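Two complexes follow with subunit A in common, the first pairing it with subunit B and the second with subunit C.
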Partner chain A sequence: MKLKITTALATALLAQGAFAQEQGGRLDVVVQPEPPSLMLGLVQNGPTQMIAGEIYEGLLRYDTDLNPMPGLAESWEISEDGMSYTFTLHEGVLWHDGEPFTSADVKFSADVFLRETHPRLRASLEYVESIETPDDRTVIFNLSEPFGPFISVFEVGTMPMIPAHIYEGTDFANNDANNTPIGTGAFKFESWERGSFIHLVANEDYYIDDLPHLDEIYYRVIPDAASRAVAFETGEVDVLPGGSVENWDVARLSEGDNACVTSEGWEFFAPHAWMWLNNREGPTSDVRFRQAVMYAMDRQFMVDVVWNGFGKVATGPVSSSTNFYTDDVTQYEYDPDRARELLEEMGYDGAPVRLLPLPYGETWQRWAEAVRQNLQEVGINTEIEATDVAGWNEATAQWDYDIAFTYLYQYGDPALGVSRTYTMDQIERGSPWNNVEGYENPELDEKWAAAAGTADTEERQRLYTEIQQELVDDVPVAWLQELDFPTIYNCNVQNLVTTGIGLNDGLRDAWIEE
Partner chain B sequence: MVILTAILSRLAKAILTLLAIAVLNFFLIHAAPGDPAAVLAGEAGAADPQFIAQLRERFGLDQPFHVQLWTYVSNVLTLDLGYSFRQDAPVSQLIADRLPATLLLTATAFVISLTLGTAFGVLAASQRGRPADSLITTFALLFYATPLYWAALMAILVFSVQLGWLPGFGFETVGGGYGGLERVLDVARHLVLPALTLGLFFMAVYMRLTRSSMLEVAQMDFVKTARAKGLRGSVIQRRHILRNALLPVVTLAGLQAGQLVGGAVLTETVFAWPGIGRLMFESLEARDYNTILGVFIVSAAMVILFNIATDLIYRLIDPRIGAKA
Partner chain C sequence: MKLWKRFARNRAALVGLAVLIAVIVLALAAPLLYPGGPWRMVQRPFLPPMGVDGLYLGTDTLGRDVAAGIVYGARVSLLVGLVSTLVALCIGVPLGAVAGFYGGWTDEGAMRFTEFFQTIPNFALAIVLVAILQPTLGSITLAIAIVSWPPVARLVRAEVMSLRKREFVDAAHLAGLSRPRILISQVLPNAVSPIIVMASLMVATAILLESSLAFLGLGDPNAMSWGYMIGAARTVIRSAWWLSFFPGIAIIITVLALNLIGEGLNDALNPNLERAGKP
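This part shows the complex of A and B:
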C-alpha cells in the first residue's frame, strides 16, 4: 500500500516536471560595451537598458506585435475621446528595499524625475496635462490633446518607475543610490566588478508567484568580438544578445550543437539604418543627386553579403514592424543607369563627397566600403572619412558631413521614433538624433502633427501613408535596411524572448531546461 | 650620498615632467572631436538641447577652457585625480580597482620574458652555430614577428577551445565563490594564457639582444685575457661576458617596465582581463576626460619611476657609471 502511494506520487511529480518550468539556475549573458551606469532613469543607452530593464519595470510591457501587456499595471483603460488613460497597479508590489510601490511613485517618476532627465519621454509628456492618483493603486494620465502613440510610452526604457522614497527632493544625478539601483523588477542588483561582470539575483518577493525562474544572472563584459564568439563556443556564456558578435560569426555559431538563433525581441525598437544626406549644401542638396544615390546602391547585395542575409531592404522611413507602415511607395531598385541619368540631368561635376561610416565594428566598415563602391560606379567621387564614436557624434550633430551612416530605433510608432528625423521643429544643431539632414517641408509637418494628434487609427494610417509616399520621393535621407540583430543562445534556455524588446525586459520568464 | 642627491634631483625633475604631461594631455584630449556629454547623449539614442546642456553643466564643461584647465591642474597638484561623471566614481578609485589586475599580468609577463629571454639568449650564444642556436633564434624570430592579437586568439583557440586546458577569459571564475588558496590557483590558471601571450614578444627581444650582446662581448680583449689566465669557461661566461652583456638588456627591461601600466591594452581586450589598459581605451572612446587623464598620469609616473630605477641598476651592474656621474 505504501509502495503504491509512493509510485503514484512519483508519477505525479514526473508529470508535473515535464510541463512545469524548472526553477533555479544561472544565466550568463554577454554585455557589450560595459554600461556607464545602471540607473535607467538617467542613462538610456543600449547596455544600460538591457540590464536595468530586469531591475526596473514600466507600467506596461509589449508583445512582439507591439500589443500592450500588463506590467506594473495589471489593467488599463483609455477614455473614448483618447484624453485620459487610467491604470490600475498590481497589488502588493515592493521595491527591492522593501518599501511598497504606489501610485505616488508613478506620479513622481513621470511628472518629476523623468520630465527632468529623459529627453525622449519629455517630448511625449508635453501632451500630459495632469497626473492624478485618486488612491494608492490608481493612476490617471490626463492629456491636453489626443496623442495617438501615447499607449506606447509605458515600456520600461521609456518610462521606468523610479522610487520616490529614494529620489524625492534629492539631486538626481548625484544621488549615491545611483550605484545600487533599486527597482521593482524580478531581479535585484547584487554586485558590479567593473571590467568583468554585473551580477543580478532573483527577487524573492516578486509580486508574481513562481517568477523569476532563474536564481541569478551574470552579465559578462568581454570587449573583443572574436573572444565573445569563443566564449559562447566554450559555454562560458549562454546568450549572445543581438549585435554582440560579427555577422559572419552568427552564421558560424548558429550551426553549433545546441545553438539556437532568434531574430525576435527587436520589434519595438525596429532599428532602421540609413545614411544622412546633407540637404543644406553640396551635391546632396539636389533631390536628383539623392535619388541617384538610392538607385546606385545594390541594397539587397548589402543585406546578403555585408550582413550575411540578416535584415531586410528598407522601403522608406518607417520600418515594416512599426505601426502604420506602408509599402505603397516608389521602389528604388538597383539601377545604376537611372542613377547616371539623374546625375547627368543635374549636371553633377564630380565634386568629392565625404562618406562617414558608423564606427561600430567590421560589418559597418565593410558596409561603407560597399556603398562607396556602388557610388563610384555611377561616377560619384566618394571618400571615406573614418572616425571613432565621439567623432561621428560630433560630425553629424554639427552637420559637418555629406553622407553619414546612422541607425535609429522607432519605438513602435512613427510619432515616437520617425517624425523626429523629418520635421522642421527638430532642426537643432547639437544632437545627432533629430532632423540632422536639414529637410524642410512645412506641408508634411502639418500632416505629421495631425497624425500624432488624433487617436483615430484609420485617419492616422491615411496620413502616415501620404507622408511616407512623399518622403520616399524626396529622399531626405538614403534608407538602407531594417536591421536584424539575431540573438544566439544555448537551446536549453527556454522562453528567452517573449516581448517586443526581448532581452531588455524578458528574463523574468526565462528558465533553463536541465 | 652621490646617489641620494642624484635621486632627489631626478625626482624634482620628474614632478615637473609629470605636470607638463598633465597639461599637454589636457590640451590633446580636449582637441579630439566630441566631449563626454555628446557621447552620453549620443548613446541614449535621443537627445534634446536641454539634456546635453544639463550634462555639460554637471561635468563642468560649460566653464571656460582656462578655468577647466586650472581646476584640473590644481586638483592634480593636490593629488586629486577628479571624478568620472560617466562611471559615477572617483578616478582614483577606478584606477585602484583596475591597477592590481594589470600589474599582476604585466609583471608576470615581464618576469617570464626577462628570465626566459635572457636564459635562452645565453644558451644560444654559448651554442653558437649549433642546432640549439638555430632552433632558439628561429623561434625568437617567429615570436617577434607574430602580431599579439593573432597570437592571443590562437592561444585561446588551441588551449581553451580545442584542448580545454585553460580558461580563455577573465580574471577568475565568475561566481565561483573561491577563497584562499583555491582563489589564488584559479587566478593563476586564468593568468597563464594572457601572461604568456604578452610575454612572447619581449622574450624574443631579450633573447636576441642577450645573444648578440654576449657574442660581441666575447670578442673583447679582456675575455681573451681571462681565457689566457686559464679561467674556467663557465666562470668567464658568467662573470666576464654575461655581466657586461647585460647593460643593453637592462636598458630594454627598463623600457618594458615603464609600460607595465599602459602597455597591455590589446591583451586585456582579447582575454577580457579587467585591467587599466581597457579602462584607458574605453574612457578614450567615451571621452571620459578625467579618467583618461588620470590613467595617463599614473602611467607617466610609472615610466619615470622605472627610468630612475633603471639608472640605479646600471650603477649596480657597472660601478663605472656611478663614478662618472
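This part shows the complex of A and C:
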C-alpha cells in the first residue's frame, strides 16, 4: 500500500515536470445545469461539486486508480489495527479571507457541520468515535470499529473543509456567507451572473508555489445542448464536461480540429448501469429467467451503437475502476440460444414483461428499444412502458415494475456504493436507490458486513471476490455497462484531468499551451 | 355509377385515391414484406439509402431498416386516423343532430358543451390527455377523437337545422312518424354528403396529430410510427438526413392524398356546387 502511494506520486510529479508549464490564461468551461448553490457543505449535486471542488478542498485527493494523494493533508498514517487515522496538515494554508486553516477547522467540518448536512458522509461518520486535534497541524480520527473504506471518504465532495470561523455557532443553511463561498482551494469565488456565468480567479496565496497556473475560470451556463456544442466548435468554450452534449455529438465534436477527448476523471464515481429485475414476483423471480436475460442481450452492441463506443460492458456488480473489482466471474456473452434453453427449462409461458426505461433522453430510450428487441428475439414478451422522471421514481421505489433501467455511483469502494444494492437491510419501500430488486441472501450479507468491518486489504479483496462471484451467478439485477461521460476539451489545455474526480478538483494543475 | 363518374372527373382526386390505395396495400402487406418487424436491428447503424442491397432507405441510429419502419408506420397512421375519426363521428353526429333537430334548451346545452371543447387548443388538449392516460395506441386514438368531434357536431347541427324545415319533414310528420324516427330516417340521410367529405379530411388531420404527438415523444413506445421516426431522427439530422426525410415524405403524400380525395368527394356529392373556373 505504502509503496503504491509513492509510485503514484512519483508518476504524477514526473508527468508535471515533463512539460514547461506556462502561467496565465483564462479557461471557459460549460456547466450544465446551473448549480443551485456553491456551498459544497450544503449542496452536493453534480454542477455544484464541479465548481465548488476548485474553491473548497478535502484532506485527500485520489488519482485515477483511486490511490490517495496529498490534499490539505500532506501525509497520513493508519494504525495497524485500522482504528485510528492520523493526518498532518500542510503548513501555511490560508482561507480565502486570510484566516489560517487549522486542525480545528477539520474537527468542526467533520464533527459538527457535515454530520448535520451531509447524509452520505454521515453514514461513514457513524464509525468515528472521536476526532482529536493535539496541535494545529495534526488531526486524529478514532474509529469505534474498523471500517475498510474509511480512507476513501476524504475527497472534496464527500468531506469538504468548511471554515469554522465563519460558520461556528450560526444557522448553516441561512448563513449569508453561503453566497460568497470561502475555501482553501486554488481558485477564489469572484462573481456569479445568474443564468450566464460563474467567475473564479486564481488564489495568489495558495500554499503550493506556482499553482494554480490559470488566472481565471469562467463556468458558462448554456441551457441548450446543441448551443453548447456550437460554443465549443466556435472556440467560445474550452471544455465540455461529461454529459454536457449528446452522445452522437461527442463523436462528431471529437473529430474537430484541436479537439481532445478523455474518459478519465470519473473513476471515483464509476457510474454503473443495470436493469432492476423484480426478484419478488413474475418470471423475473426465477434465476433461470434472469440468466436468460443476461445471455439474450448483445451488450457490446449497446456500448458500440447506443453509446457510440463510450463505456464498457459490465462484468458484475462492481465497476472495474472501483477498488476490489474482480473479473474472475461467470461471463455472460451474447448467446441467444443459451437464453432460449434456459427459458425452455423454466417453462416460461410467454407472460408479458414490462420494461421501464430511464427517462433521461434519447440515448436511454434507444437503449430500452435495443434491449426489448434482444429480449423479444429469444421469446420474452417485452413491452416498453412510457414514463417520466416522477413516474420512474414512483414505479421503482414502490417496486411496481418487472424490469427497469437505472444507474448509480460507486464512490470508490464496494462498501460505500455497491453493497447498498444487494444487502437485506437495504430493502425498504420508498427509495429508488437501495435494494430495489428485493434480493435476499443472508449468507452474502454476512460477507458484506465482514468486508466492510476490516481494514485488511487482502482479506477484503478475498471476501469481495467471493461476493462478486456468487452475485454474478444469481443475477439479482442485469448489469449493462460501466458508463462513460467523456470530457471534450481544446487540446491546448494541458493536465486537465489528473484525478479520479476529474474536473471537480483538477483545474489547479491545468495550464494552457499558447 | 354516376357518383364515381363525377368523382373521376377530378383527376387529382383519382391520383389521391391511387396513392391511398397503395399506402393501404403496403400497410396490409407489412408482415409479409418485413416478417421480422420494424424494430429489428438488421445492419450497421447509419447506412445511407441504397448503400446496401435490400436496404433501399438506409438504416437508423440502431441499424433498423428505415423502409420497414415506413411500412409499419403506415399501419399505425392509418389505424389511428380511421378509428379516431369514427369515434369522433360517433360523438359529433348524434350530438349535433339532436341539437339541431330539437332546438331550444337542448340546442343551447349541447352547443355550450361543444364550445367548451372548442375554446381549448386542439393540440394542447391532446397532449394533456395522452400524458394523463399514458401513451398507448388506444389512448392516443381516444385523445385525437376527443379533440376533433366539435366541428362535426357544429356541421351536423347546421345541416339538420336547414333540413328540418323542409316539406318532406312536414310530410313525414303528417304521416305519423315519431320525431326520433324522422331525424334518423329522413333528416340524417340527407346530411350525409358533407359529413363524408369532412370525415375524409379529418382522417388526414388525425394522422398529422398522431405524428406530432409521437414526434414529441408521446407516441406508443411499442408502435413504430412516422412521427416517432422523425422525432428520434431530429437529433441526428445533420449527419443522417434520410432518417427524417422518408417518414416526412410518407406523411406528406398520405395527407395530401386524403385531401385530394376529400375534394373529389365534395365535387361528386355536391354536383350543384360547380366550382368556379370549371366548365
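As a convention for this text, the second predicted complex is superposed on the first by the 490 of 514 C-alpha atoms of A that agree within 3 Å, B and C clash if a C-alpha of one lies under 4 Å from a C-alpha of the other, contacts with A are read in each partner's own complex, and residues count from 1 in each chain.
We take it that contacts are C-beta pairs under 8 Å (C-beta built on N, C-alpha and C of every residue); 3 or more make two chains touch, one makes a residue touch a chain.
Just so you know, these numbers come straight off a predicted model, no measurement behind them.
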item: Subunit C versus subunit B on the shared subunit A, clash or fit after superposition; value: fit
item: Touched partner set for A:Leu408, first subunit B, second subunit C, both or neither; value: first
item: Touched partner set for A:Glu233, first subunit B, second subunit C, both or neither; value: first
item: Touched partner set for A:Gln44, first subunit B, second subunit C, both or neither; value: first
item: Touching partner for A:Glu383 - first (subunit B), second (subunit C), both, neither; value: second
item: Touched subunit A residues, subunit B compared with subunit C; value: B
item: Subunit B versus subunit C as contact partner of A:Ala370, first or second or both or neither; value: second
item: First (subunit B), second (subunit C), both or neither touched by A:Gly430; value: first
item: Contacts of A:Ala292 with subunit B and subunit C, given as first, second, both or neither; value: neither
item: Touched partner set for A:Ala395, first subunit B, second subunit C, both or neither; value: first
item: Superposition-derived minimum Cα distance between subunit C and subunit B (Å); value: 8
item: Sites on subunit B touched by subunit A in the complex; value: 32-35, 38-52, 54, 58, 86-89, 94, 97-98, 101, 153, 156-157, 160-161, 164, 168-171, 174-175, 268-272, 274-275, 278-279, 282, 285-287
item: Residues of subunit A defined as touching subunit C within the complex; value: 246, 248, 252, 301, 305-306, 357, 362, 365-366, 368-370, 372-373, 376, 383-386
item: Of all residues in subunit A, those that touch subunit B in their complex; value: 26, 28, 33-34, 36-37, 43-46, 117, 119-120, 122-123, 173-174, 178-179, 193-197, 199, 216, 218, 220-224, 226-227, 230-231, 233-234, 236, 387-395, 397, 408-409, 420, 428, 430-434
item: Of all residues in subunit C, those that touch subunit A in their complex; value: 39-41, 45, 61-63, 134-136, 217-218, 220-222, 232, 235-236, 238-239
